[in-house]
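In what follows, chain A forms one complex with chain B and a second complex with chain C.
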Partner chain A sequence: MNRFLPAIVPSLLAAAIFAVCLGDPYFMEIFIHTALMGTISVAWNLMAGFTGLISLGHSLFFGIGAYVVAYGHIGFGLPPLVTWPLAVVLAAVMALAIGLLCFRYGLRGYFFAIATLAFSEVAFLLVSATPWLGRSDGMMMPSEDETLLYLQFLEKWPYGLMVLGFLAITLFVGQHLVSSRTGFYWRALRDNEGAAEALGVPAMRYKLIAFVVSAVLTSVGGAFFASTFAFVDPRSTLGVDLSIQLLVFSIIGGLGLLWGPLLGAALLIPLGELLRTAMGVGFNGVNIVVYAVLLMTLALLLPQGLGGWLKTRFPAMPRLGGKPIRQGDAVQ
Partner chain B sequence: MSATILLQALLSGMTNGAIYALIAVGLTLVFGVMRVVNFAHGEFLMLAMYGGYLAWAHLGLDPIIAVVLVVPALLALGVGLFETLIRPAMRVPEINQMAVTLGLSLLLQYLALMVFKADNLLIVQDRSTASLWIGPVLLQMPQAIAALAAVLLLIGLYIVLRKTDFGLIMRAVSQSRDGAALSGIDIGRTYRWAMGIGIGTLGVAGPLMASVLYVNPHIGALFTLKAFVIVIVGGMGSFGGVLLGALLVGVAESVAGVLTTASVAAAVPFALLILVMLLRPEGLMPVGGGSRA
Partner chain C sequence: MTDTILEVTDLGKFFGGLRALSGVCFTVWRGEIFGIIGPNGAGKTTLFNCLSGALKPSTGRIGLDGRRIDGLHPHDICRLGLARTFQIVRPFQGMTVLGNVMVAAYGRHPATADAEHHAHEALRSIGMAHLAHLDAERLSVAEMRRLEIARAIATEPRLLLLDEMLAGLTATEAAALCDQIVALNGRGITIVMVEHSVPVISRMCARSIVLNFGTLLAEGTTQDVLRDPRVQEAYLGSAA
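What follows is the complex of A and B.
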């Protein structure tokens, strides 16, 4: 069986959904949002689900992507062709620095989560206070004449096509990594770091690889966000809420599966949208209340997530790299 | 900047620090005993603040008296939280535990938003505008009362944890769960009480803080983050560390507020956390090196 099946099947499904949404700008917008969040959740889960490193600071990398693109455009008139790679490099360097600092002392579990949260909060608060980055109001990117160079399209579908490509690339890269030696090292480190190290797994190196790959993919998501919406602000690109959403989608979809977080996002974002429109204005919080209850219930009753549950129900589904986390497994 | 302004910042930083310590001590107690980090800790503070506000607005109770009502309510909430969510959460992986308490935090915030709306509410009394002169610097009365209550309660907690059998049991479970169980300690009961007290302490902080700070549904998240920072800066699970961490965070924030803008000052606790991680990752007063809670 082709080892890329777990990347091919979800990509094809997403492409089919993209095709269905082509006719309607509203649905296309939901598709873009869902695919973007789903993809960076997949990137987040390479760390959390596969390596056992729970980051609550991933908004930092998303924000780096978004702000490098936005400030590059507004401040220097740089096109995405220049700013996207710049954002990726900056995110990689940042992840390397934070990773070195955190892993030097073997920070794991809650401590790692809160340490990463601290970094993203510093960035959030500093950007909110910086006049040339638009403070908490954010920045609008001006329209350019060379629309293609600046990825400025009148219609929504080119952005949908871009995010579809981003989703497919992320899945393929992810699947390549988790089904290679790297992925086995990651899972060994997740399940028992001490034992893995004793057997010769270079813990520091492979945790850093997970962190940098995850951060780089997340920063591409942020860069895409800025190019698509031509607007960035601290709350939507650097806030804790974003990082928490990645965790929510991953838990609900299934941490042990590459495509689990995608499933989580594909269920929750349209559901949230549905609830929001059904309840109307004034009941702004209802979708979040539903989110929260669903999250708590699933985290307790279905620790392997909906994807993991589907897999145990239908074992004929393709082997998707890595076992689902079972009840009682120690993820430290 | 004159010396008086600096002195003023130091004093208000220290009073804030005392209040922060009271909030963080519950979090560290729960973590020390149960190894669970409660991301909804601040939301229980938010509920306690609403409790104090409602008691004042509808029953005309002074916040100091409202504490007597709010503490048992919060204690019961803590026990209820343990029985309904935390006990089952202790059987699932750590990331799922995080998801459960994060979910609870969101749930409580948005339920509060539906019930209380987004209005900022504050208890306003005669003494709200009163203040004490301490030498050349000024201390607002509501703040002084909250800080004093925090100090008293922290002393009380310390005595309970160090001098009573109950405290001994708590410390035993936090040092070695299995060892404590083998000695005949009822672990489930200890957890229940740790959670009850951890949340119950917020019942003291909440009503008193409702006359210092505006309460709104999202105020808790801010304090959860600050409490995390304090607990890690001080050394996770350490009682003395919480005091030191809280004072440091309070003073650093307040002095930075004088020197720079409010937004930069808000980043100071997190910068402090990163600094401590760089220089002294086990925290300033790690467990094992001093008194532990």
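What follows is the complex of A and C.
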């Protein structure tokens, strides 16, 4: 059996959905949003579900991606070709620095979560108060004549194609990592760090690898966001809401399953959209209540997430992309 | 002269004012099964934690094959050929039995196919090959103990520290495990075992030390050590 099956199957499914959405710009927009959030949730889950490191500050890396691209464009006229790699390097350095600091002092579980949240909130406040970054109003990126160079397209589908590629690459990189030594070390550290170290697992190094890989992928998502919407603001790229969404999609989809978070995003984002259009007018806020109730019901009924439930329901998919873990098991 | 594999000199570990270990010295020879005895709270597990790097000793030095290892990271000590098991079993619950052992085998075999091969070997040598694909959390206590050993030997150690492997096992399970420990020793792995049960130590270990209140009470052949009046007093109380 091909070890990349857990990457191939979801990628093909996403491609099929992309093809279906080609005819309708509104559906394409939902596809782009879903695929983007789903993909960075996959990246978040590499850390949380596989390594047991719950980050509540992943918006920091998304924001780094978005703001490097936006400011690079507005301030210096730099195209994505230059700013995307720059964003990745900056996110990697930032993750390395925060990781070294947190792991050096043995922060784990809830303490690590709070520390990451603090870093992202500092960035949020700094950007919200910085005039040349547009303060809390955000920044609009100007239109350019070289549309291809600046990834500025009139239609939505090229962005859909890009995010599809991002999704596939993330799944393949993720599957390569979780099915090799790195993934075994990650899960060992998640389940019992002391035992893992005694068996020769360099804890510090492999926690840093998880953090950096996850942060880099998330920053690519942020860079994509800026290039797609030509607009960045602190609330949508650096806010805690974004970080919480990654957690929600991962838990509902299946922590510790490579493709689980995609499933969570694919269920919840269109659902939220549906509720908003069906009930948003006239009954403002009711849709959010319904959404919240549905979320709680899902969390209660499927403690291993949608993906975990599918795996127990259909044991014919043995050990594809990891083993689902129960809510709370990831936190030591 | 006998070949030394482990040399512990003046080892101490203090937690604040508490002297969990102090002034402990002993030497383990290559190829033997060495026993560490002592009542509850004598410092046996603290000693293991210092040897394996989980705790940094407060004083003294530890030499493995003539190389100083105190203060090194646990994973480095493991790489140098010292492996340990835990008294309270610590399986990786989110993995299969094979996966658990592969984590250990990866240290010397970075490629997944090699690691899997060597993990299978380790499981076979401890009689667990048929359980390879079971989820680790579904093992019985006795099987989890053997998994601890399988993982430890998959790191390919020269020296193996076993922490109360027999606690909580039935007599049959314990006897089977003892045979397997002797077999591992026969394959050239030096073994240091902490055990609560004096009969087991006297049967398996030619030489032993006795710890009491964090200090070394006696060192020598197990027979002599057990006959030592101070040891008898520590175990049976002064009235005996």
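Of note:
Rule of thumb we're sticking to: the second predicted complex is superposed on the first by the 305 of 332 C-alpha atoms of A that agree within 3 Å, B and C clash if a C-alpha of one lies under 4 Å from a C-alpha of the other, contacts with A are read in each partner's own complex, and residues count from 1 in each chain.
Note that a contact is a pair of C-beta atoms (placed from the backbone, for glycine too) under 8 Å apart; a residue touches a chain by one contact, two chains touch by 3 or more.
These numbers come from a predicted model, not from an experiment.
In the superposition on chain A, contact is made by A:S180 with chain C only, not with chain B.
By the touch criterion stated above, A:G200 is placed in contact with chain C alone, chain B being left untouched. Contact with chain B, but none with chain C, is seen for A:I54 once the two complexes are overlaid on the shared chain. Once the two complexes are overlaid on the shared chain, A:A14 sits clear of chain B and of chain C alike.
In the superposition on chain A, A:G256 contacts chain C only, with no contact to chain B. By the touch criterion stated above, A:A188 is placed in contact with chain C alone, chain B being left untouched. Shared-chain residue A:C102: touches chain B; no touch with chain C. Of the two partners, chain B and chain C, it is B that touches more residues of chain A.
Overlap of the chain B and chain C contact sets on chain A: residues 325, 329. Within the complex, the chain C residues that touch chain A are 52-54, 73-75, 78-79, 83-84, 86, 90-95, 99, 102-104, 106-107, 110, 112, 115, 135, 151-152, 154-155. Taken in their complex, chain A has these residues touching chain B: 48, 54, 101-102, 104-105, 107, 109-111, 113-115, 117-119, 121-122, 125-126, 128-129, 135-136, 240, 244, 247-248, 251, 255, 283-286, 288-289, 291-293, 295-296, 299-300, 303, 325, 327-332. Those residues of chain B that touch chain A in the complex are listed here as 31, 37, 85, 88-89, 91-100, 102-104, 106-107, 109-111, 113-114, 221, 225, 228-229, 232, 236, 261, 263-264, 266-267, 270-271, 273-274, 277-278, 281-282. Those residues of chain A whose C-beta lies close enough to touch chain C in the complex are 179-181, 184-185, 187-188, 190-192, 194-203, 256, 323, 325, 329.
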